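For reference, the structure discussed in these notes is given below.
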């Protein structure tokens, strides 16, 4: 295999669950269906998708915790079935949420315990713990019990735990889930530091802005399939390099604006939504100047209550792709 | 008037069914039977062999005693889990915050435990006839049935108290389990309580089930009402006292927790 | 190398002990429950008209009971709490094999059970005046080591089922009392019907226990004792090899089913 950090071919995972005691009913759930992608060394690769899209299942297969039903995985050039132990030594992983730490133990003891499981020598462990707690901003709290930590702090401790043995490849499954904005920003800063140090990271999230800010490439998954995969900017180009104009108007002006908008042909999407007494029109267009010209008279008459002109965000791309899937 | 009675009755059964299901729904039938029949069966077997070793060749006394102990699993441990479990599942605040009348809410929790405990004994007795050749030819069935039902009810009195303890203390559940184990010694399950040292005998007579089990034993052997009446009346009295104390401590805890917030931060 | 292993052991035990703050459960399992069984034994003995209870079975047997229940309970508790806390998955995903982690934990659980045995033994000697002069000390000690080794092998064997799935884990709870009944903790094994004695032959602890009971009663180390020791050791080793084989199966199984993270 080549120099990819992660290489997957036609990866699928079906869960078989049995229910009942006397008459066992078997139910299969297809969690991941025929996924193939590669991640380069030093890349930050994002998997984006709604809840239940198969993100976590994919990460667990890549991190040796689950065996695929079919398909192949190569991690750092090693086969996942044959070289499980070697792979485990060289990767780190965290799963979102509050689980995965010993609440009654201090932060330092948690790290020491896992360092032991990764076979680190004590002098190295001591040094690493100081460095890592510093990096994730938990210096000064090392002796406190983890159950007293906020979810943001626990999440950062998770990251520190995953980095103990200095892994080349790191899997972060929804690292910012349930964290307040400040905590999430600190965590993102930590992730950027890691990339700067040459680590390869695979990150899953359902926060668009996060994916756009961090990732070199993004795979959007839905219902177990990859529906799009590219760099954030190319993904945006894919659905057209468009501008989004959002206009808030009252009922009366809404109608006259509608009539004029229908005449234009360079609009890729127009959406109407209403909240309380305000009507919002979202216009996706490649020629924003024409729309603004059209809005001129309305602006002069002060009949526009709000106006926003912005470039498309990852969220627009995501919504477009996932909705396209539904159709 | 009628409406409010219906409401209370409905609330009672609704509570009963839901709290019972909340406790047992998650466990598989295997778990259910194992905890219901398996554990009691094997601990009984242990006692039978212990008896056989010291020279008690007839296991029937131990068999009957352990069968009559079965309702305590529902009445004491089950009840304690049901009440204590509310806290664990975080449902207690909603319950205490609701305007529902307290007595049916509280008593409702006992109904299916009483029923379940009663039925367990009815299932176990034929098994005992089959396996241990329990002789029921002289048995006064009506009286035995009544005694079993009585034990099932009085056991819940203890359960109410232990449930409230479980609400207040982290170790409540452990105290309940310890008590459950202590039943093997103190309420006349494996040997007559007369064999206990005086201190334990006094403790034994202050517990529910002790007299009920004695009465049921006698009725099984063919005793009539007049013979067991003192035991039965004593059992009813003790049971009523325990249920009242249980209810009172629950109400007290409820009121105290409104002041201190005690029930929330555990 | 050996130092590394020792450090892993100490770290493991440290986490285990601190996760399980000293509580009622420990007291109840190691002391109260054995005491209750011993009390029942003594009163039954009196009910049967005996002058004095048999201390080896009634009192020290209670200690054995405590060791066994403690082992089953603490092993199930450890794995269940790791499953609940999500740390089981992290342990499996680390380069240290779960087998090693389980072996260490079970070992410390077995050793913790000695507290119960010691308490029962002290009770027999100081409260009930068990005559110490007749005891065959080397015989008891060798039997005890084999008993501990047997408990360890059983515990590691059962741990596989606990890791496998929650359902198979409940099987372990269910085995606690039957094994206690079958292995003759509180009475000589000859009391049991023949078919039950036959089943109990597969448990290494039964043989070690028989040798220990005989040594406590003053038997010298003769051919019969040697035979029991041999059986205890051999069967323990069989359990160890089954565990090794099972461990690989279970490791693959849990990665297929995703049971590790189910709570």
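Just so it is clear, A, B and C label the chains in written order, and each chain counts residues from 1 on its own.
Quick note on the criterion: contacts are C-beta pairs under 8 Å (C-beta built on N, C-alpha and C of every residue); 3 or more make two chains touch, one makes a residue touch a chain.
All values derive from a computational prediction rather than experimental measurement.
Enquirer: Of the chains present, which has its C-alpha mean closest to the combined C-alpha mean?
Expert: C
Enquirer: Name the chain whose C-alpha centroid is most distant from the C-alpha centroid of subunit B.
Expert: Checked the centroid distances; the maximum from subunit B is A.
Enquirer: Averaging over Cα atoms per chain, report the distance between subunit A and subunit B in Å.
Expert: Those two chain centres are 53 Å apart.
Enquirer: Based only on mean CA positions, could you tell me how far subunit A sits from subunit C in angstrom?
Expert: Centre-to-centre distance between subunit A and subunit C: 47 Å.
Enquirer: What is the distance in Å between the mean C-alpha positions of subunit B and subunit C?
Expert: Distance between chain centres, rounded to whole Å: 31 Å.
Enquirer: Two or more other chains touching the same residue: where does that happen in subunit B?
Expert: Answer for subunit B, listing residues that touch two or more other chains: 28, 30.
Enquirer: Once bound in the complex, which stretches of subunit C touch subunit A?
Expert: Within the complex, subunit C touches subunit A at residues 4, 7-8, 11-12, 14-15, 18-19, 21, 84-87, 89-96, 101, 252, 255-258, 260-261.
Enquirer: Of all residues in subunit B, which touch subunit C in the complex?
Expert: Those in contact with subunit C are residues 28, 30-31, 34, 38-39, 42-43, 45-47, 49-56, 171, 174-175, 177-178, 181-182, 184-185, 190-192, 195-196.
Enquirer: Can you list the residues on subunit A that touch subunit C in the complex?
Expert: 15-16, 57, 60, 63-67, 85, 88-89, 93, 95, 97, 99-105, 109, 112-114, 116-119, 121-122, 161
Enquirer: Spell out the part of subunit C that touches subunit B in their complex, as residue ranges.
Expert: 23-25, 28, 32-33, 36-37, 39-41, 43-50, 53-54, 57-58, 167, 170, 173-174, 177-178, 180-181, 186-188, 191-192
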